[in-house]
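Read from first to last, the chains carry the letters A, B, C, D and E; within each, the first residue is number 1.
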Amino acid sequence: MGQRIDVKNLNIYYGDFLAVEDVNINIEPNKVTAFIGPSGCGKSTVLRTLDRMHEIIPGAHVKGEVLLEGRNLYDKDVDPVAVRRDVGMVFQRPNPFPTMSIRENVLAGVKLNNKHLSKSDADDLVEWALRGANLWNEVKDRLDNPGVGLSGGQQQRLCIARAVAVHPQVLLMDEPCSALDPISTLAVEDLINELKHDYTIVIVTHNMQQAARIADFTAFFNLKAVGQPGHLEYFADTTTMFNNPQNEEAERYVSGRFG
Amino acid sequence: MGQRIDVKNLNIYYGDFLAVEDVNINIEPNKVTAFIGPSGCGKSTVLRTLDRMHEIIPGAHVKGEVLLEGRNLYDKDVDPVAVRRDVGMVFQRPNPFPTMSIRENVLAGVKLNNKHLSKSDADDLVEWALRGANLWNEVKDRLDNPGVGLSGGQQQRLCIARAVAVHPQVLLMDEPCSALDPISTLAVEDLINELKHDYTIVIVTHNMQQAARIADFTAFFNLKAVGQPGHLEYFADTTTMFNNPQNEEAERYVSGRFG
Amino acid sequence: MMTASEEYAKAAGESPMKGAPVIDFDKFKPTRSMVARRKRHDVAMAALISVAFIVALIPLFSVLWTTISNGVQRLNLNFLSYNMSGVIGGRPTATGGYGGIQHAIIGTLEITLGALVISVPIGIMCSVFLIEYSRGGKFAKSIGLLVDVMSGVPSIVAGLFAFSMFTILVGPGTFNGFEGSVALSLLMIPTVVKSSEEMLKIVPNDLREASYALGVTKQRTITKIVLRTALPGIVSGVILAIARVVGETAPLLMTAGYISTTNVNLFSGQMTTLPVYVYQEYSKLKVACPASAGASCVTDIPMQRAWAAALVLIVIVLILNLIGRLVARVFAVKTER
Amino acid sequence: MSSEKSTIDQPVGGKAADKVFRWVAFACGTLILVVLAAVFLFLFFRAWPLIGGDQNANKATIESFTGSKAHNFWQYVGPLAFGTILVAALALLIAFFVSVGIALFISQYAPKGLATALSTIVDLLAAIPSVIYGLWGGIVLVPAIYPFWNWVAKYLGWIPLFKGPAANPARTVATVAVVLAVMILPIITSMARDVYLQTPRLQQEAALALGATKWEMIKLAVLPFGKSGVVSASMLGLGRALGETMAVLMILSPGLHYSFKILQASQNQTIAANIAAQYPEANSLGVSTLIGTGLVLFLITFVVNFIARKITQKVSA
Amino acid sequence: AALGACGNNEPASGTSSSGSSSSAAEKISGEFQGAGASSQQSAVEAWIASYQEQNPDAKISYNPSGSGAGVSTFLTGATAWAGSDASLSDDEVSQSKSVCASGTAFDVPVYISPIAIVFNLKGISGKDKHLNLDGETIAKIFDGKITKWNDDAIKKQNLKVNLPDTAITVVHRSDKSGTTKNFLSYVKDVAPDAWSYDLGENWPNEVGQGAKGTDGVINTVSQADGTIGYADASKAGDLGTVAVKVGEKYVPYSAEAAAKVVDASPLDDSAKGDNRVVVKLDHTTKTDGAYPVVLVSYDIVCPVYKDANTAKFVKSWLTYVVSKDGQQVAADNAGSAPMSDTLRAKITKSIDAIKTK
């Protein structure tokens, strides 16, 4: 089952540069929450604070709290590595490990953590994860082929399978479809709809139609001007956001002729 | 003024692999023609045959004719360098020359033919091209800054300015907006609308809304299966294509829930 | 403050072409002569580059050809399987040959292997430090500069250094193969660091992030993802580094010494390597053949041996190259494109 | 399927390994510093008698080295440093343009099959030991190149650099520079080729799409992109040329002058070759003197690399 | 060690060197190292090979690292003996106290080799062809005072030869070298007025070209017309050589002629230290048929070693090296001059001083 995330007074920095200011948001379990907004407003940045991937960038740090089921991820005694096992992430560009086969890619999260799986357990896990990612039927006959041999959309679903194979509670996705063609996009969107039964999902997207199609809640980020910090401008359930937003900026944005 | 292009029985090869089969299409002058279709169907490939960029890939060649105002580009005595001067091209990812300033980028093409450009001519040309690309106001104070210092959307418009500065008759654009955020996309789309007064424009896009918004004619490419050559499935004016297509495949494609 | 979209809307309000200069494009039309000139220029440069290429090939092929043509005449199984013990002047040995390079081949392989064992782990870990732990940091930058400086340390200085180090640590006048390995590793480390650094740099960050996002520790991410992905490149870098040192003479003369018999112990006793052998044989130039030695005595046998050994050295490098390529291919990363 | 409870508070395996690995990496990085410092200190202490020792003995040593042409260390090392830089710079000058030419040929002009074959040959040549270059240079090149130098001296002798008469046999700086150029050529070529091959397709296509000819495309896209890589490759080559011992030793007829007459014999000598020539017969004070010159060479490499780094930074900025 | 023997060119059983003296009372075994003069290299290699035929368990290596390096290494105690083109300096003798178990190191000549003055002159030079020159002319040529082959000074001495108007290119050693020092001391002794430079192992003037090693000199001389140089005679090959004026005659180099001058030379009594046998070459000798341009190379050893086995080896080694057999082996393979019995007798006395107990 998914877990809930509460972000409280979060300020996000790259070195001295305050990239995103004072975010407060409650992300419901087992729902899809979409982040939208113009480029550079900090969608990716916020997303990456939810599994402490932000701090990988030298100098990057945060102030404030991110509570996963009430436990602050940024507590001193929390190990970011452990956080990332609970909160999975899928990236904009599909990035299967090029040295690994499809099967190894799915098992990467488990194997890289030096856990030893019996062959049958591993087989089960691979099938479960690939089915979960809606990819099983397409690849079951060539699990030992390299993961990068797949098409873009298949690769992206492979990455999703890889992420769910470690049993996270939350799945973060940063523009998972922007590198994909329409048919692949459709497959991934279908998948997201399936996955929300098991996971809390947060997705960043440029594509408003996509947000409207798949999200339960939508957060609109904005930035006052280039060089200024981004902020959460408006957060609402998706129907409200696209039909009757109570925020002028948001309305202008979603009703624009964009994308 | 733009020129018309007629493609006749064009077969396009990568080495021995026939990538696109038997294309016949008439591209009207001073109109925007959009190429759409699923990934890998050969949109980019066809586009690149229109300015003989295709043949720079080792082993790539074509059979058939591409007539620019009745003159076959693939005639023996036609110099591809001259063709590319008449037919400009803008790529998916903005690619300004990284070592050059904004100004130098714009002049890069012109300088090839005019070793000694008077300063005032050059200034005029830069202003004209940048205005044409709708970028002048944003960069007029920093023409000597490097081109790569601009934002993605600005870079793409800079590339358009660079392409129009040599005053081609035709402008080819291969997914010019897919790397851009919505605001930049809007700017480029507006620009395309302006440019068609002066140029014949062919644009490849993944984004059907975009095709619907800006194209006068739309060509739908398709491929029967992966590994099979792509082909032109259906060509019509844009209104017909999106509202009342006379082709089943095309209808299915444009009415899908895609992006 | 305007929002970005507002800002754009304002800019888009007026026609961008308003006030644009009017351009007479005929002025910029390429003239016939200009087109011809560009074409000539293009052809001329192509010709120039091809000529540069051919000119460069002349000496390079001359080196190869000289070595091969001079080297083959003395190259035979006997030459490869015996050392120089019992070789007197230009007379044939009891085994029917004129002495050989078995000891030098063994010495070259062992000393190079020794250098490899020292410098590869250090070099790779150093590049890991530079790229994975301290990328762009001040300390990393100065280490980077020092690596560059180190790559410019003359080999003879490296030899002097290793010799003195062993004098202090082991005792005066110490000569052994390992000492040579230390000297060579001084020359090898920077090459390994630099090439591994480049290879680690081009491992896409995506992969690191993908691994971290799976909750994998940094150490495992580096060893199992980053290094594994960079492996083919690192291997070719290592081969390059071997090639850089396998032909060193001066530092080995000072450290590993010179001996005519086979010594398989890297850590004790002098060892001969192929370049040193080549150099020493060349220095001998020729031997005297007294009348008593008969017709089978070859006066310029040292030169023949020198060329043959040089040829063997080149062949060894070639084999290493091929092995490297093979390894790189086996571990090759299948990428899209 | 997924467990209810968050596992954040559960300990993570591999923490210790993480720490150790990090520490080892750091240690290896630091080792470079330590080793270089050790090399420097070693050179310094071994050279110390030059400064702290009996100056009369030093004078005698240097006079015996030079046949009383130099009387103190600086008079001795000055021409050597000059010769080192002259030889290396000439070699680089020759190798640079030719290498760029070959790299362009391989990366831009040659058909794929030929390019692969040539690349292999170039990589192989990069590994030919310097003794072999020395042998080849001394035995094959010296007699072969004399007519050419003679011609140069005859027709270009008005340029001070080519002042005749050309020495016969041509054991001169010019010949050595050619041999060193041939030696470092594969190194520079190999790296330059790699960076040229990595020129983004996009840049190249951008240039071609503007109607550029092939050469113009190279000028617009390939050369600017490869600049920093080629500069560092050149520095690698220069480093090797500065420190090359055997090839110089086996070919050059040395002299201790501040002279640019590269076609004449006995004008210059390099530090590394001088060490190798004098070391076998030197007594302990002599060795100190030689190590002192080694220290100067070390400092030269340091400065050269430092400058190169600054240049590369500027270029790539 | 068993593995180490692989690849050795074991002598075929039954072959032994000519009239092998069966006097070798006791076989020597162990590993022994020497280092030093490269001039001796060919000779030492031949000695090692022959010596090991009689003492198959002795593993001997010689690193031709150069006289200076060889002596330095010896003085650290790392080698059993050193080869050197120069006799020990007083300083080195006193330093040796710390290496030798007692007493001071001493040097004995082991290798005597003529230095040939080689030249390459189209139509004139060739194997066993000679030009006649006296010491003064040689000095002037090598000092750049005589620049043409048809200079009167040369013509006068070679009336039968049609000397061309070719420029003389002097070729000398570019590295520090015992050969240079011995050659120069000849020149300085016979023509002190024409040669003003200090004596040393580096070439003192800037005439002509320098080349590394004997090989370098020979190659350089062979590469161009009009060259002249000096090198160990055994490497002269096809080059022409100079017959040097001794007394009223011109003597071409030969092993016997070189041995003669050594015999005619006194020992140097100024050499401080026990047991030393240092030859003070008399370059100005008028002895009939002596060839005065000679390199004498020494072995340097201790009278008492810390390790008795080493002492045993050194004694047996030196005994062999200076023996008739040993000298003949060197003469055959390195072209050196076998020493005379008189000199051997003096050396044997010194060798006897080595204590093996």
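Definition applied: a contact is a pair of C-beta atoms (placed from the backbone, for glycine too) under 8 Å apart; a residue touches a chain by one contact, two chains touch by 3 or more.
Treat the numbers as computed from the prediction; the structure is a model and nothing was measured.
Both subunit A and subunit C are touched by B, D. Among the other chains, the CA centroid farthest from that of subunit B is the one of E.
The chain pair with the larger count of C-beta pairs in contact, out of D-E and B-C, is D-E. Located most centrally within the structure is C, per distance between chain CA means and the overall CA mean. Subunit C and subunit E have CA centres that are 40 Å apart. Separation between the centroids of subunit C and subunit D, computed from CA atoms only, is 14 Å. Rounded to a whole number, the gap between the C-alpha centres of subunit A and subunit D is 50 angstrom. Measuring from the averaged C-alpha position of subunit B to that of subunit D gives a distance of 47 Å. Residue positions of subunit C touching 2 or more other chains: 4-5, 38-39, 215, 217, 220, 254, 282.
With touch defined as above, residues shared between interfaces to two or more other chains in subunit D number as follows: 12-15, 139, 213, 216, 276, 279. Chain contacts: subunit B has residues 81-82, 85, 112-113, 166, 183, 186 touching two or more partner chains. Under the contact rule defined at the top, the touching pairs of chains are A-B, A-C, A-D, B-C, B-D, C-D, C-E, D-E.
On subunit D, the positions that touch subunit A within their shared complex are 1-4, 6-15. Looking at the complex, you find that subunit A touches subunit D at residues 1, 3, 68-69, 71, 73, 78-79, 81-83, 85-86, 113-114, 128, 167-169, 198-199. Contact residues on subunit C toward subunit A in their complex (touch as defined above): 1-5, 7, 135-137, 204, 206-217, 220-221, 224-225, 228-229, 231, 331, 333-336.
By the touch criterion given at the top, residues 12-15, 17-18, 20-22, 24-33, 35-36, 38-39, 42-43, 46, 97-99, 101-102, 104-105, 109, 120-121, 123-133, 135-136, 139-141, 178, 182, 185-186, 190, 213-216, 218, 235-236, 238-240, 242-246, 271-272, 275-276, 279, 291, 294, 297-298, 301-302, 304-306, 308-309 of subunit D touch subunit C in their complex.
In the complex of the two chains, the subunit D residues touching subunit B come out as 111-112, 200, 202-213, 216, 220-221, 224-225, 227.
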